[in-house]
Structure formats: C-alpha cells, structure tokens
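My questions all concern the structure below.
Labels for the chains are A, B, C and D, by order of writing; each one numbers its residues from 1.
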Amino acid sequence: MTDSSFVVRLSCRNRPGIVSAFASSLFQAGFNILDSQQFDDPDSDRFFVRIVFNRTQATTEADVRALMQPIVDSFGMEITIRDQRNRRRVLLLASKSDHCLADLLYRWHTGELEMDIVGIVSNHPRSVYEHLEFGNIPFHYLPVERDRKHEQEAQIWRVVEASKPDLVVLARYMQILSTDLTRKLAGRCINIHHSFLPGFKGAKPYHQACARGVKIIGATAHYVTEDLDEGPIIEQDVERITHRDMPDQLVRKGRDIECRVLARAVRYHLEDRVLLNGSKTVVFPE
Amino acid sequence: MTDSSFVVRLSCRNRPGIVSAFASSLFQAGFNILDSQQFDDPDSDRFFVRIVFNRTQATTEADVRALMQPIVDSFGMEITIRDQRNRRRVLLLASKSDHCLADLLYRWHTGELEMDIVGIVSNHPRSVYEHLEFGNIPFHYLPVERDRKHEQEAQIWRVVEASKPDLVVLARYMQILSTDLTRKLAGRCINIHHSFLPGFKGAKPYHQACARGVKIIGATAHYVTEDLDEGPIIEQDVERITHRDMPDQLVRKGRDIECRVLARAVRYHLEDRVLLNGSKTVVFPE
Amino acid sequence: MTDSSFVVRLSCRNRPGIVSAFASSLFQAGFNILDSQQFDDPDSDRFFVRIVFNRTQATTEADVRALMQPIVDSFGMEITIRDQRNRRRVLLLASKSDHCLADLLYRWHTGELEMDIVGIVSNHPRSVYEHLEFGNIPFHYLPVERDRKHEQEAQIWRVVEASKPDLVVLARYMQILSTDLTRKLAGRCINIHHSFLPGFKGAKPYHQACARGVKIIGATAHYVTEDLDEGPIIEQDVERITHRDMPDQLVRKGRDIECRVLARAVRYHLEDRVLLNGSKTVVFPE
Amino acid sequence: MTDSSFVVRLSCRNRPGIVSAFASSLFQAGFNILDSQQFDDPDSDRFFVRIVFNRTQATTEADVRALMQPIVDSFGMEITIRDQRNRRRVLLLASKSDHCLADLLYRWHTGELEMDIVGIVSNHPRSVYEHLEFGNIPFHYLPVERDRKHEQEAQIWRVVEASKPDLVVLARYMQILSTDLTRKLAGRCINIHHSFLPGFKGAKPYHQACARGVKIIGATAHYVTEDLDEGPIIEQDVERITHRDMPDQLVRKGRDIECRVLARAVRYHLEDRVLLNGSKTVVFPE
C-alpha cells in the first residue's frame, strides 16, 4: 500500500459531538475511515477513541495534526497521531531467562511485530545467548554489580538516550528499576510479571503460587510505574495446573504464558491500541 | 433511565462518508452517541455498524427512522432501529433435556436476559418439567407423532402466529425443522448444536466426538437455515476432555457449554449485536 | 449395578510398598480395581491414593475396613472408605444471590450431583426464592439481626446437628462464619469466593477487580477455615473481560464462573476426589 | 540423580490382578514406584498403565524386561520399557513456515524437551533459516520436484535409516507423505494440523475456517496414518477469534496454537505418556 494511512488515539472529557466533529472533518478532507473504536467510561467520565483512516493523496503526520488541531483544542483532547509506515523503535532488556527475548525476536523476524529493534540490553554477556541470532541489533552488556546498580542504570539511560526507543520492553529483565528511571520511562516501558496480578507480586511468584495451592497460574504485562507490579495492566493470560505441578513445572508452563502475554501487549502498544485511563488501560481489540 | 435510548444496526456497501453522515445527523438532532462499533469486511466489501444513542427529549422509533431515512436511502442501507425499552418477544422450544430451558428461564428471572417469554413449546407434557417454575408463561404440549410431524409443525406455526415472537429459540429442541418452517423463521430462530461445528454435525455428536478421540468438545449457537447445522454461527465455546471421558461424561460436560453458549447467543441477539454477513455473522462485543 | 463398589482415599508418609500392599490385599480378597490414582508430594513427603474397586459378593464398608486395617496400621495411614451407594448428606446455605443455589438444585435434580440435600438455610425468607422449586427439602429461614449474629449461628448449628450433613455448602451465603463454627465444620464446609484468589479477598471483589483494571476475572471454591478466603483451594476458573466491563457486567459474568466452579468442587468432594495436603488440596481428576 | 529410573507403558485386555502382579513384582525386586497411572477403557475392554519406578542399585532395561516378562506373558501385554536417561532420537521435518521448528529448537535448547535432534529435513535450502541457529544438527535439503516426489521420499527414508530416529516430527512440513512412508513410520511420526480436527481437514484450513465463520480456531497434533488428518489425536488447543479476523490474522494467531500443541504432543510422546487405543490415544497427564 503506497497510501498514507494514519492511526489516531484520543481521549477527553466526554461531551456530545466528538465523533461527529471528527468524522465530518476527516470526510471533508478526503479521508476514508478504515476502523473506529470508542469507549465512554462512565466511571471517569472520559471518552476514548482510536481511528484508522487513509486517503489517496500524499499526507504527513503534520497535515493530519493541522486538520485535527481545532477539534483537539475545542474539546481539550489528548491526542497521538502516527503514520502507520513509521515503525516504532524498541529497546529490549533481558536477563538469563531468555524465552521472552527469543519469542519477541522471532515475531519481529516474521513481521508479526512491526518494529525496529534498536538494541538489546542484558546484565549477562553475549555468550549466554549463543543460541539466538541477533543479526545487526546492537547488544549492550551492562552487568549489575553489588551496590553499583545506580551506575548500571545510568548506562541503560545512556543507551536509551542514544538509541531513542519509543518503547522499552522488560523481557523478563528481573531487575527492579529505580523510581527515577521508571518515571523517565513512564508510559513507554512494558514489563512482564510472571503471575496473575494482583496475586503473587514480587519475587518467585511461581513458588508463591505453588505454596498457596492455586489451580491456575498466569502472567501479566503492564506499564512500569514506580510501584512494583502495580502499573496499568495491558494483558493477562492463564493456564490450568494441578497438584502435581511443582515450582519447576510452573516455571516451564509459565514461560509459554509469559511469551504470549508479553507479545500481545507489545503488539497492542505498537499498534496504538492501548490508552491510559488513570491506573487502568483501555485496549481496543484487533 | 427515563430517556429514550436507541440501538441501530445498519449495513451497506462500503463507501466513504457513512460514519460522518450518521454522526452529524445524530449530533444535529440532539442525540448523544453512547456506543458505536463498526466493521468493514474486506471480503464482502460491506460495512456494518451498531450505534447506541439517546437524547433527553421524548423520541419514538418513528422519529429516529425519519431522521435516518435520507441517509439510509442515499447509501442503500439495511437498517434496524429499536427503542431499548421495547423488550423482545421470545418463544422457547424444548424437549426432554431441559438444561438450556432451565438456564434461559433463570437468566430471564434475574433480568440478565431482557426479554418477554411469550411461550414454551415442547413435544413432552408439562409434567416432565415439574421441577421448573414456569410462572405465567403459556406452555404448549405439541407431541410429535410418527408420520405426523408435518401437523405438529403446523401447530408450532399457529403458536408463532398467535404469540408473535421476535425470536424463536431451539433450546435443545432435538427435532429437525422442515425447510418450510426454517424459511419462515429465517434470521429469527437460534439453535444450539452440541458440537464444535463444523465437526460432528447431525445426531449424537458426543458419541461421534468420543469415537474420534478429540481432546476438546464444544457447542455452537447458530441461526437455523434449511441446511442442517450449517447456519451462520453466532457463538461457540469449548471444554477440555480426556481419554477417561465416555459419552455420558461428555453429555454432562457438554450441558454446561451448551447453556452458556446459547445464553450468550440469545443475549447478543436481544441486544442487537448480531448482523448477518452472508453465511457468517458480525457480532459486536459487549 | 447391584455390586458393592467402594472408593478409598488414603494418605501417609511416603514409603516403598504401599501400592503393592494394597493391590495384593485387594486382589486376594477378590476385589477388582476399577480406578487408581496416586500422588507423591516431594515437598511434604506424603503419599496420596484414591482407589475405586468392587467385587461381586456382598460387602460392607466394615468388611473393607477390616481388610485394610493391617495395612493402615502398618503404614500409619489416614483413610476414608465409602460404599458408593451411600449418598452424601448436604446442607446448602444461601443468601439473596441465588444463582449457585439454583444451579446446585438443578444438578441434583438431573442426578449429576449424587447427594441428598438435607436442608436449605437462608437469611432471607422462602418468598425470595419463589421462582425455585424446593420439593420436599426442608427450608430454614434464619435471619441475621444486628448484634445477634451469634444466636443465628447457634441456630445453624442446631440445624447441622439435626440434619447431620456430611458437607455444608456456602452457596454465596455472604455471611462470614465465626471461628468457632468454621472449626466445627473443618474439612466439610465449601465456600465459593467470587474472585480468583489470592487476588481480591474480602468484600466486593468485582469492584476491586474493576478498580485494578485486570483483564481476567475468576472464582474460587475452597474449604472454609478460620482465616477468611485462605482455606485450601479445591477449584478455580476464570473468564476474560475488557475495559468495557463495569462492576455490574462483572457480577453477571462472574455468576457463570461461580456456578461452575462451585458445582465442580462439590462434585469432586462428593466423589472423594479431594484430599487435604496441609493448606493445599490434592484433587484426583475424573 | 544417578539412580536408574524407568518408565513402563503397558496395555492388555482388562483382567483382575494386573496392578497387584506388577506392584508386588516391583516391590520384591527393590523398586520404588514414583508414579502410576491407569485407565480401564469400558469400550475396548483394554487396560492401560504407565508406571515410573527406580531403585538404588544399578539396573538396565534388560533387567527390568527380565523381571516383567512372566507378567507380560501371563497377561498377554504389550509393553515398552525405557531407562529415563536414554534420550529419544528425533528427526524434524520442516518447510517454509518455520515457527514450529524454531519453537521446538528453543524448547530443546532449554532442556524442556529432553531429546537428541538427529537431523532437520526441509524442502527449502538452509538459507531460508538463516535467523535460526542449528548448532551441530545435520541439515538435509531435500527439494520436492514436480512428479519426483517419490524420489524425495526415498531420500527422506535414507535419512531415517541413517539417523535412526525414535520419532519423526512433521513441524508444519506441509507435504503429504505417501501411504508407504506413513506405514513405515506408524506410531512414531507426529504431525501438526492447523485446524481443530475433525473440522477443516486438508489444505488451507484457516481459509476454510474464515469462510465458515467459526468463532474459535484450533490446532491438532496427531500420529500420522495413511488417512490424511485422520490419525489418532494426541493434543488439541484453540483460541477465540472474531469477525474481524481475516485469514492472515488466523494464520498469525494459529502459529501460537500450533507451536504449543505440537510441543506438548512431542513432550507427551518423549515422556512415554501416550498409548495407542485403536484410532484414539490414552494420554496420561503430567
């Protein structure tokens, strides 16, 4: 497709006339609406929309922004506009358990995840990932030393500043980020936690799950905030277990859940399907 | 809520400007859009919308129809309009296995299914359902006699004509309707088939499933057409089984699946969430 | 089947020779093993077995007990023996939300749950359940009055003493039992909690779930202990929700989950599939 | 663990005394039973057992076979015996869609699948898999030329004869094997079909599923027989779809299902959990 195709996310206080204003404006400018989803939260009284539209003539994000601006101002909207040809830049952080890393790389390779991977950061050396083909992706070995975590985080931040990711993915990175770094990455850092939150926060959730005797385990992908495992949830999934499953089996079964939950959350983010709604998310389905 | 609230389903060939025309027209008439979902089928090149809207002043379906008519004509739309206070009239057909009947009655009692049950038809006498409280709902015992099925169907049709249902639900009715009757009820008759279609059509699907050794069974709710078990699918669900499950266990496990699949399909229909798209359905989610 | 068929549950410290001792003893006494499942918990070093067996000659539970006693003594086993023709006596406690009550009654009616219901206790009068057919089951209206909860519990206990239930089911009873009563009913009282424990303990779990923004909700059936919502879990299940689901929708969706989770837990208990393993359960599958 | 640990699968016509004979024999020989699962099929009147046991003294498969032989002869049993330290030899066949191949390789790398991969066969050249790290695994490029499929199959058979696999996995190999080859590989060749069988056999099942308008798609792992997509089913799984999912999306969603279904089936086979029961399977759970 050589046409310009755009995806717009917007939210504002709910008022009559929002859809009408948008649809009319787009129609008059020669755009065709390909998809439109909306949500009116009775709790927060906020209105959320995701619209995808295109037109045959050459168009830039600036053009769309100029078109939208009067409506945005009039309704006091928060808005994002993206030309769908502009792939998002993504930085991956991983640790020793590399199943999510391997999974994201594979989905990127097949084109399922449309993104540019601008780097891989790990607290383990490249040799740990010999079975994985990184191609041309820059690899940054940033070991965490006792009492020098602060310095390592400063190095991460320099990688972020140099590679300019739109999204940072903690692909089972297993290190708790400082309040400072979580704030800098607010709204653009996704973590996968290996439990069905809010159950089993913190360390060793599969051991916690086994000890409690639950019959189903899960994983949760969420935006990282300064409150550990408390950020807005993007996606969750679960699987049934039995009394026969010891923590080792839970770790194995959990890997599958983690991979698919994180991959979905990343894709929803890349496709501008996720809007923040206070401490929650609106996720417009495919 | 004392306001008039309306739900509109419409479909037409896809063309630019549909949403804009609708949204502008509704906005100018003082309506507030509460929900709007759309689907643009690239295959059939048809466009489907479900919109819910209200306004504070007294409004009738006729008012809304008058407002919409120019747009409907201009785009060649199929449209349905319903004042959400107008509950649908539903006729239930059941047989000896009454789990779906009991389930629908309970959901009607709690208000989960907003409908008026205008009658219950069975080929078994009232005494078979002694454990069920039918309240004031008319019960029609219409036994099926060998070689006289045609006459029994004529009786059913008389009940339909007298009770004027908007929807007929075959709640495990277990009798195959004639081509003639299926045509008369086209688009307003939902059946529950106790298999995950297209697998195991026809009789004794749980026995078929057991013989084939599948690891998951399911149920399918679909609109009835003259082609047995081939009508447009509204909803399906499944459950895992094991080699230990003999047909009796499948029948038991299946009951739960059948109840929830049929109840969902009926609710989707009652809430105008289902649009026909050739031999398939568009089901706008809650 | 006129044969005597028995189900035995036993647990003991893990030692070699348990299965051999049992199997030989049963074989020599002319029994045929119909099913046998075992679990060896590496954590607690305990061994759990459930065996079903029959023989053609007339046999009583006492006969089986006499046969087993030497083995039980030798291995220091906990054992239960039940002639499968002896149906369990069950007392149901319900409150205003009667979906679990209605569901259990229906499953009892169809024979899916093989039990004798010895009574229904509610803190609401019989008229609240007019849509339900109780047949000959004794109904006990035991209202809870402010500051007199203790007296109401004493009345419940008198019903228990008179009706001698093997199992008490809190079918969304919604009243917290006192420590004293939970202790008296230890191991024979099942509660359904309307969240996926350990998330959202206590009151209004669906509101908690909505506020936290989870993407999946669930229900948990567990044995009641003095620690609220902390008893050994028997069964859990979940369903996917979206940002569109407000607490009212969660309550509706949750009803379906609660019904099937509680029904399964009750059936597992009635069929002697559940063995306590400290604060957890072993549940031998069908 | 340096002990010898063995897994035995056996099946025979159901008769009293099987468990007793086995358990006594093992106990007297100093073995400890670690796990035991059985199934008595009322339909085929056959009895199936999987037993895992160990002892501290050095033991070979031949020792166990000698111990078992009298019982095997007496009951007319089919039996397999495996020292769990003997990893199975596995040959992977793949085609252009390499998600199952990549997934199996990763699970082999992590040790989740305990097997020795003795070769990878593809009808595409090595360069197609540049993003995958094959390590030392022999790769065989065996292109399929029009009208010369027979010769290519002969080459596959030579690879089989040379590499002596215990299991051949068709990891989305996409070529239909001849009757001759399927017979040679009977009971040791697993295929993944990308539909929920028996629905949508043959080519392009996701397109078939989209055309039929099903609401759930699935994948099926089965032993290959000469009847296409009719072999004994080992494992199935499903995922929910909507009217918005076109065949491309189904292909994407299906990849995840295929990977996990095939991986589970392979693991069940490797762990001797699968027993053939006519055209069905008995799969003893983990």
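Everything below uses one rule, namely that a contact is a pair of C-beta atoms (placed from the backbone, for glycine too) under 8 Å apart; a residue touches a chain by one contact, two chains touch by 3 or more.
Predicted model only: the values in this text are computed from it and were never measured.
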item	value
Chain-contact steps, minimal, separating chain C from chain B	1
Comparison of A-D and A-B (more C-beta pairs in contact)	A-B
Gap in Å, rounded to a whole number, between the CA centres of chain C and chain A	41
Approximate Å spacing (C-alpha centroids) for the pair chain A, chain D	36
Multi-chain contact sites of chain A, meaning residues that touch two or more partners	242, 244, 285
Chain C residues touching chain B - in the complex, by the definition given at the top	99, 102, 106, 109-110, 112, 130-133, 135, 242, 244-245, 249, 252, 255-256, 260, 285-286
Residues of chain B touching chain D in the complex	39, 41-43, 196-200, 212-216, 218, 232-238, 242-244, 246, 277, 279-283, 285
Touching residues (chain side chain B, partner chain A) in the complex	16-17, 19-20, 22-24, 26-28, 31-38, 40, 285
